Amino acid sequence: MNYPPSIQKLIDLFSKFPTVGPKTAARFVFYLLKSDKKEIDELIYSLSNLKTNIKSCFFCFKSFELTASSKNNGFCKICSDASRDKSQLCIIEKETDLLAIEKIKKYRGRYFILDGIVKKQGGKETRIKELKKRIKNNPEIKEIIIATNSTTEGEATALYLERELKFFNKKITRLARGLPMGGELEYADNETLKNALEGRK
Amino acid sequence: MNYPPSIQKLIDLFSKFPTVGPKTAARFVFYLLKSDKKEIDELIYSLSNLKTNIKSCFFCFKSFELTASSKNNGFCKICSDASRDKSQLCIIEKETDLLAIEKIKKYRGRYFILDGIVKKQGGKETRIKELKKRIKNNPEIKEIIIATNSTTEGEATALYLERELKFFNKKITRLARGLPMGGELEYADNETLKNALEGRK
Amino acid sequence: MNYPPSIQKLIDLFSKFPTVGPKTAARFVFYLLKSDKKEIDELIYSLSNLKTNIKSCFFCFKSFELTASSKNNGFCKICSDASRDKSQLCIIEKETDLLAIEKIKKYRGRYFILDGIVKKQGGKETRIKELKKRIKNNPEIKEIIIATNSTTEGEATALYLERELKFFNKKITRLARGLPMGGELEYADNETLKNALEGRK
Amino acid sequence: MNYPPSIQKLIDLFSKFPTVGPKTAARFVFYLLKSDKKEIDELIYSLSNLKTNIKSCFFCFKSFELTASSKNNGFCKICSDASRDKSQLCIIEKETDLLAIEKIKKYRGRYFILDGIVKKQGGKETRIKELKKRIKNNPEIKEIIIATNSTTEGEATALYLERELKFFNKKITRLARGLPMGGELEYADNETLKNALEGRK
């Protein structure tokens, strides 16, 4: 039993979405088939506008809405905010990580979205060149905070950044690694426990 | 920290999709922001065609592609298939349930998609009226198989159908309820065990 | 870092308990080390009495307490209960399955604990011989209910029993297999769906 | 359906074991009922010897086996080990935490098992008095590492210890809290992210 081609095509497209498999994609399509035409039209309209209305910040690459006020500017709200501390630059892997850090309301500096991680097989498609340019052109930056994930890829990316950025003679820091909130020694993996012991203070 | 309006709007629309929460919806939008324009255009094109190309079967309401061959017909492949056994009618809640039963390749009759369940608060927006018409107009139907889910709503729907359809004097059966494959008595809930015992044969 | 021998020995013994791994076993021992001597003594006392006080029912092999009243009898409460229906015999794999069926309060016949499943490699260490003797010596038995698990081993055991017991010319039934309570067609495995369809009534 | 008293009594005793509920406790008892008498006797023997053979270290309270060589000593292997660094004292909540730290082979100092956490309702039944005595009587201790869990109770215990021990004028450190191995910013809770940011270095 196959799906009709018009349904299968949409299933294929939705299956490319992160976390979506063919079964979930099929549920999406049947949801749409049962929706009002108005709802699908809204979705189509929003999709059409996405790339036109949303721009990347000239400095940090965060996405922001193109409005009358932002038009001549090219910078996102954070980078345009005069009250943010320009001496700190926090490097994150992707935009959702930026939002995660903003949510805790403890960081007042600027960001730089690396857009990806350093792959093992050489292919470094991250914005490392742009990052170096930002650091060179903004001597007010005093501390570079490498806030990559604590995954294998994130660690590799952090080590690569440390090596590449040390020539700027800035203070380079990394997010603390150790016991997460609620973590118990008995159930912590060896690596976490090692980090917790070595990073004690 | 809020998302730009054009992003937020899409997050809201994707959040209505089944199984999708705001966090996953956000990941969808950032995925699209990073995709080629071509990919978004394909999505828009497929969405635009969906309602035009896909029709509901006149008999069972299954969705099917409108093609040159199917145009003058109005029936889905299953209902058009002369080799299917017209004496059996299997009532399912939704189209994905039909596909689940087709997959096991043991059923050769026709289906009827009820499109929903009987709600507790009266509101019965299912296709019960159409179902009765099908049974009345197709005297070749000998057995009506009620194949609703074994959930509280599915059970209520099945009981309602049994009551509503008994006047047709057809054989009415229901899917067996009991131990699922791999099920152990020790861990089965009381209701399942009761069904397994009472349905023994 | 190894545990002291007296601790390690207990860890090894507890690790043989069902569901217990070495880590949990270690927690058990440290729990005991911190307990009062009185608690450990109680445990030792109860363990010493277990095999002396608990006997297997002469008929069904269910365990029961040896008391003044049960001493001359040799039968468990269920088998001694004159109000139970002696025409039904329910065969279960193990004692906890018997308790699961008793809990739903729908079965009023007697049981027979097979104590194990039929292994693939021939070795059938179940009480099949005793079972046959019970059926032979109790002509009042009219229905034999095979209530093995719906696992691969349980299915094999059921098939084996059906073959071995058919010569007694009794009604042989099996627990219904199909959708469990709460089961949805969309997420059911093929085997369960097949059983549900074929077992419909 | 109740269990026979001798079985129920054992179920009750096993149900007090950590992580064990009545259902698992019942499985333990049925496991024992089916075991050889020899196996139960071994268990009884090991339980009887546990408290006699295992002693607490005079210094750190770690449990150790009473042997001919350790008899006149009273200290565990770690505390007896001349090569361990006597300038470091690591305070852990319980013995299994000590084993967790030993396993990573990065710590060469001594331990002190606090045996519990500081309860919210005043009742501090930990070995705080003994801990103070150890610090007072061992002036070679230079660094006190508080290695409590990163749970609410562990945090409260750590804060209490910091307050109580500051008068000794020793270096007091705590295990690093932050992203665990494999941790992603997007999924980290706010508290963990705050700790990771504030503890950066």
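A, B, C and D label the chains in the order they appear, each numbered from 1.
Simple rule for what comes next: contacts are C-beta pairs under 8 Å (C-beta built on N, C-alpha and C of every residue); 3 or more make two chains touch, one makes a residue touch a chain.
Here the structure is a predicted model, which means the values were calculated and not measured.
Steps from subunit A to subunit C, taking the shortest chain of touch contacts, total 2. In a homomeric contact, the two copies may use the same or different surfaces; for subunit A and subunit B, over half of the interface residue numbers are shared, pointing to the same surface. In this assembly, the C-alpha centroid of subunit A lies 38 Å from the C-alpha centroid of subunit B.
Centre-to-centre separation between subunit A and subunit D, using Cα means, comes to 39 Å.
Along subunit A, residues 96, 103 each make contact with two or more other chains.
Taken chain by chain, the contacts form a single closed ring in which each chain touches exactly two others. Under the touch rule stated earlier, the contacting chain pairs are A-B, A-D, B-C, C-D.
Touching subunit D in their complex are the following residues of subunit A: 92-93, 96-97, 100-101, 103-104, 106-107, 145, 147, 149-151, 154, 173-186, 188-201. Across the interface of their complex, subunit C is touched by residues 1, 4-7, 9-10, 13, 16-19, 24, 26-34, 37, 39-40, 42-44, 46-51, 53-54, 63-65, 94-96, 99, 102-103, 115 of subunit D.
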